[in-house]
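The following blocks contain the structures, represented as structure tokens.
There are two complexes below, and they share chain A, which is joined by chain B in the first and by chain C in the second.
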Partner chain A sequence: MKKIVVVLCVLLVLTTSLFAQGDMESGEQLLKVGMVTDAGTIDDKSFNQGTWEGILKAEEEGLVEAKYLKPSGTTEADYLKEIGNLYDAGYHFIVTPGFKFETAIFEAQDKWPDAKFVILDGEPHSADYSEFRIEDNVVGVYWAEQESGFLAGIAAALQVEEGEFGFIGGMEIPAVQKFNWGFQQGIMYANENLGTDIMLKAENVIYQGSFDNVAAGQQIAASMFDKGVDVIFAAAGGVGVGAINEAKARAKAGQDVWIIGVDVDQYPEGLYTDGKSIILTSAMKYLDRASYDMIKHELAGTFPGGTTLRLNATNDGIGIPVENPNLDADVEAKVAEMYQMLKDGSITVADTQISGLYR
Partner chain B sequence: MSTKVKSNAFLVAISAVILGLIAGGLLMMAIGSNPFEGFYYLFRGGLMSMERVGNTIATAITLMLVGLSVAFAFKTGLFNIGASGQMLIGGLAATLVAHYVFLPRVIYIPVIILAAFAAGALWGVIPGFLKAKFNVHEVVATIMMNWIAYWSIYYFIPAYLKGPSLETESRSIAIEQSLRSDWLTDFFGGGYINLGIFVAVVAVIVVKYVLDKTTLGFELKAVGSNRFCAEYAGIKVNRNVIISMMIAGGLAGLAGMTFYTGYSRNIQIGVLPSMGFDGIAVALLGASNPIGVFFSALFFGLLQSGKGFMNAMTDVPPEIADTIIATIIYFTATSVLFSRFWDKVGKRKKERNDARTAKAEAQESDHE
Partner chain C sequence: MSNDKDMKTLFRTYRTPIIVIAVLLMLALFSESHLIRLIIPYAIAYTIPLLVTALGGLYSERSGVTNLGLEGLMLVGYFASAITIKFTEQISYSLAIPLGLFIAVIAGALFSMLHAFASINLKADQIISGTAINMLASALTVYLARTVAGSGNVRIMLGIVRQDIPVLSKIPGLGTLFFTQSYWSTWVALAIWGLSWFLLYKTSFGLRLRACGEHPSAVESAGVNVHKMRYFGVGMSGALAGLGGAIILVTYSGEFNGTVAGLGFLSIAALIFGQWKPLGILGATFFFGTATTIANVSQVIPEFGVIPPVIFKVFPYVVTLLALVVFSKRSAAPKAVGEPY
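Moving on, here comes the complex of A and B:
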């Protein structure tokens, strides 16, 4: 037994010294931009993908060299390990999508002070929330999801005019809740001011509880459609994909059902036959724009380190897609008008559960 | 003449690992990457600094305990697929202790270990009881217990252990209440290495001792080899099935403790820990032998923790990297094939030797 221990120790020392040698290849002039994905895949049609597309755009323009890593789990330790891997490989500009990175970035900002970090949908804080601190090498980005949900709710209400809506959320986290509350306010606004007659029952506001359970999304959507819901707003990542699949199947069978997409323009995901899509419109937040802009700032030497950005209608951070083939022109015009009103502040959307809203 | 030649378990494991690495290398070549470069960075990622070595060990600790759990049940002829659920429940018990029990360190550590073991054992004993009493297949029962654990955590964490703003994970436990320890962290220069390493090593030794040197171990193995024969010999089969699942569950519970209060410091809802399944491969590669499990867990820990750096340094996309690791694991789990192969080689050799001695003897008798 003693021998084994000695042999192990020797092996350990040997291997560490062996692998500790050698250095990174040098000579690369381009900024190396890394990204660590959140739960889910890079092609999740939503959060990870949106963030990555912004980085890819910068790479395609020849501005940077990009790489993403997928952690083996979703704990702080898993995230920090991947950030460390990127750093050790020379990627010193790191983008992390999702509030789950908050505590990891809190530690990373001190551990790697010469690296730059962008955290989307969050800001760094300690694990027990006793300390919120953002160093000069970090930028936090938040979106006004409620405004995006609000616009999508109004667009859908105006298009359908009369019917019943539903909401499927992923996990009950702030970003998803704000989509939900904004969506409900949009429906209420349309009913009160724009002459629509849309019903939203409390039982049809459901948080599935994950972002990856496609089958569950399909089941929830099926039961909602069975109960007479016409339009579902699915702010749920992979769960939303299940809802989209269910709607496609029903649309093929001739049923008149719709889905409202989330985060990115999900119109292409909803295509079924003859180039028709069941995506009525999408409640977008421009993730790609945020990651791209941050890279541009870094290259120009104007990286706004130490600040938390809030993207909303006033700085064109949210909205519905430019083209919505399933919306009538007058509906789009009306939504554009509402967007202007959000921009100049003549209407505001609450980002909390004000009275009259479900969950 | 008919004595069976048993092949060396170590030889079998090494050949399986080599085949796994070759298969992984071929896959790398197939996507146009240089396998030598890939493996170089894979191993560098796990070993190039003391911190990384510590993280590799930290990953291996959990795999080791899960591997022991699965191996222990294997010995009794049981297939414990429920290690994930047992990990969750063991981890939950440990997390509760970490939040609410404040004791001097010397008493605290045994308390948290006992709590995690007991909770895991409870989750293991139920399928064991169902198997013994009603002959419900343990694979079905343990899978069901996985989901019961999954959804119980899903309910329990937000209801009772919620963090200040997040609904999806328990609040973090204080570093002093976790299994991390300053001297260990300092020694490795940071990282997630924790006292679980000692728990795992002690568990390896204890399990080895129990299986090889005690009556209980003998009975468990007898039930595993042939339960009818064991019953005929007067061994209480049902009792041993229950005990085996209880201990297997307890070991997985300890794995949960090392993961949720050592490696990570909170429990996330909606996640069934994948280590519970990786542990099956660990046990297979280790030939269900505690010492074998020790080394195969270190190997798998190295693969898991070096993967990210390989990704970062080469053009291998993360999804393919997962596939490469899975390929290596898959091929190493085929170690059974190798034991057949080496058995045959050994047999042929022995036959040849036997033939030679027989010939020599015949010649000798001719001389007389």
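Moving on, here comes the complex of A and C:
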């Protein structure tokens, strides 16, 4: 038994040193960019995919060599294992999408000081939140989701003019909450200043509690529609898929219902028969731009290590899609006007639950 | 006196339909409550994939083959229907969905032959073979989805649109509850349930199939080919689980995403909870479906606000555990299930 273990160990050492050798021979011209996926697959049409598309864009331009790894679970240990695997394979620029990576990056920044890390939707901190520290090899990226939700809320309110709205969130985490609070402020703003009459009941603002329960998304959306809701803002990943599906079936049966998409332009996801889509507009945050820009910075030698970036209207990090076939031209013009006002700071959107907001 | 006896035999023969009708009438009494109206139609929609899959499990286990691979077989049907519908819906939307369901049935049945071959011809451990089906299906479907459709998530444009059934939906009470806003797949599934009950309990073929799960050597000595019967049982489980997976796609999900979220295992639980009987399965799956639906929509319905949603979420599982404890003494599992023959 012992002999076998010894033989195996020797083999292991031999193979690893061989592979390490191989790496050195492959040359150093291109920056090797790695990504570790969050829960879900690389083609989730949402967070992972958006981040990966930015990296792919850089690869297609011949700037970098890219690779992603999918961890077997979503614990800190799973993430660190894959970060380590990427590092060992020569990928020293690692992008991690999602707040779940915060503690893993907190460990990784000290463990691999010569690697660069980009964490989206978060910043490194210790597991018990006692220590927040960001080293020079890490950039944290946040989006102003509230501004994106605000614009989508205004766009939907202007288009529908009179009706009842609802909100379905995934997990009750800051990124989703900010979408919700911004959305509510958008509706309030439109009601007070733009002459719309939109109702939002407290009972129709909910967090489902996961990002993958498709059945729950469909059933919750169905209940809301049954109770008279016309437009649902679904910031909930796979839960939103169920909501979109329910809305499609109802629209096909002749009901006037809509969904507001999230993170990316979900218009194509909402297509049903005759080229019509159930997606009124989408509250976007430009994930691909963040990963692409960070790579460009790294290549130019201007990697903003040690800082936390906040992407918002002023640096074009958020917004609604450029084309919204379901919005009227004057609605789009008005939203563009609001966007400019966000940009120059003449209106601000709170990123906390100010009084008057639900949940 | 003899009349009374006749009534008793009559009741015993038609116990299943009598109980079903009684429960329907009970629900009809409460159909005016808006809570029932908000929950029952969606609970039915959620129940149907479970019901069909558990029925598949019933065929397999009654013929004497344990089938832990229901989850994987559902996934195969889920995937097969998604791919079929995606590539045919552009041509004809109305034909794409029935075709997708049909292909899912075929794919599920074919895939289950792996399990049948391993557990009937090779006399392999059926637990391991079923587990292998699950692992193989989850990896293979995602791989094929990426190769064929270019993404691990395959979205169809439109599932089945709910419709009111003409005439029947006008019945006061029952009509509003069961015949308004229903998917046609629900009626197909319920027809399959009725036919299965008839086939298994009212025909000699059904008696032989059930006997294969109780005492295969006795059946063999009566001149019945046990292997063929078991192949039929496993094949039916694959076909129906495949249909169950496809129904998930065309009713509430609308997208193949590489998992059926444990519904296959929940179906096995329903099979056990339902004591391997069609009526028991119908009751158990409807119970699970209702409990899960209440858990899902409780947040949107203010009346449920006082109870934390987590209570509803664990409810079906806790009740299953309790039921298993209670029923373990007099379990009605087929005697020879799990034993190679």
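Going forward, the second predicted complex is superposed on the first by the 333 of 359 C-alpha atoms of A that agree within 3 Å, B and C clash if a C-alpha of one lies under 4 Å from a C-alpha of the other, contacts with A are read in each partner's own complex, and residues count from 1 in each chain.
Operating definition for what follows: a residue touches a chain if its C-beta (ideal position, glycine included) is under 8 Å from a C-beta of that chain, and two chains touch if they have at least 3 such contacts.
On a predicted model such as this, the values are computed, not experimentally measured, just so you know.
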Subject >> Clash-or-fit label for the pair chain B, chain C on chain A >> reply: clash
Original post:
In the superposed arrangement, does A:Tyr129 touch chain B (first), chain C (second), both or neither?
Top reply: first
**OP:** Return first, second, both or neither, reflecting whether A:Gly54 touches chain B, chain C, both chains, or no partner chain.
**Re:** neither
Original post:
Is A:Lys70 touching the first partner chain B, the second partner chain C, both, or neither of them?
Top reply: first
Original post:
Is A:Met224 contacted by the first partner chain B, the second partner chain C, both or neither?
Top reply: second
**OP:** Name the contact category of A:Thr41: first (chain B only), second (chain C only), both, or neither.
**Re:** both
Original post:
Once the shared chain is lined up, is A:Asp88 touching chain B (first), chain C (second), both, or neither of them?
Top reply: first
Subject >> Contacts of A:Pro97 with chain B and chain C, given as first, second, both or neither >> reply: neither
**OP:** Examine A:Gly169 and indicate which partner it touches, taking first as chain B and second as chain C; both and neither are also allowed.
**Re:** neither
Original post:
Between chain B (first) and chain C (second), which does A:Ala253 come into contact with in this model arrangement: first, second, both, or neither?
Top reply: second
Original post:
chain B: which of 127-135, 163-171, 181-189 or 307-315 bumps into chain C?
Top reply: 127-135
**OP:** Could you give the residue numbers on chain A that contact chain B in one complex and chain C in the other?
**Re:** 41-42, 209
**OP:** Please name which positions on chain C make contact with chain A in the complex.
**Re:** 37-38, 42, 46, 93, 142, 146, 151-153, 155, 157-163, 252-255, 257-259, 261, 292-293, 296-297, 299-302, 305, 309
Original post:
How about chain A: which of its residues touch chain B in the complex?
Top reply: 12, 15-16, 18-20, 34, 37, 41-42, 67-77, 81-82, 85-86, 88-89, 91, 99, 103, 127-129, 171-174, 209-210
**OP:** Please name which positions on chain A make contact with chain C in the complex.
**Re:** 41-45, 203-204, 206-209, 212-216, 218-220, 222-224, 226-227, 238, 241-242, 244-246, 248-249, 252-253, 269, 271-273
**OP:** Going by the contact rule at the top, pick out the chain B residues touching chain A in the complex.
**Re:** 43-45, 47-50, 53, 55, 58, 154, 163-168, 171-172, 174, 192, 263-266, 268-271, 274, 304-305, 307-309, 311-313, 318-319, 322
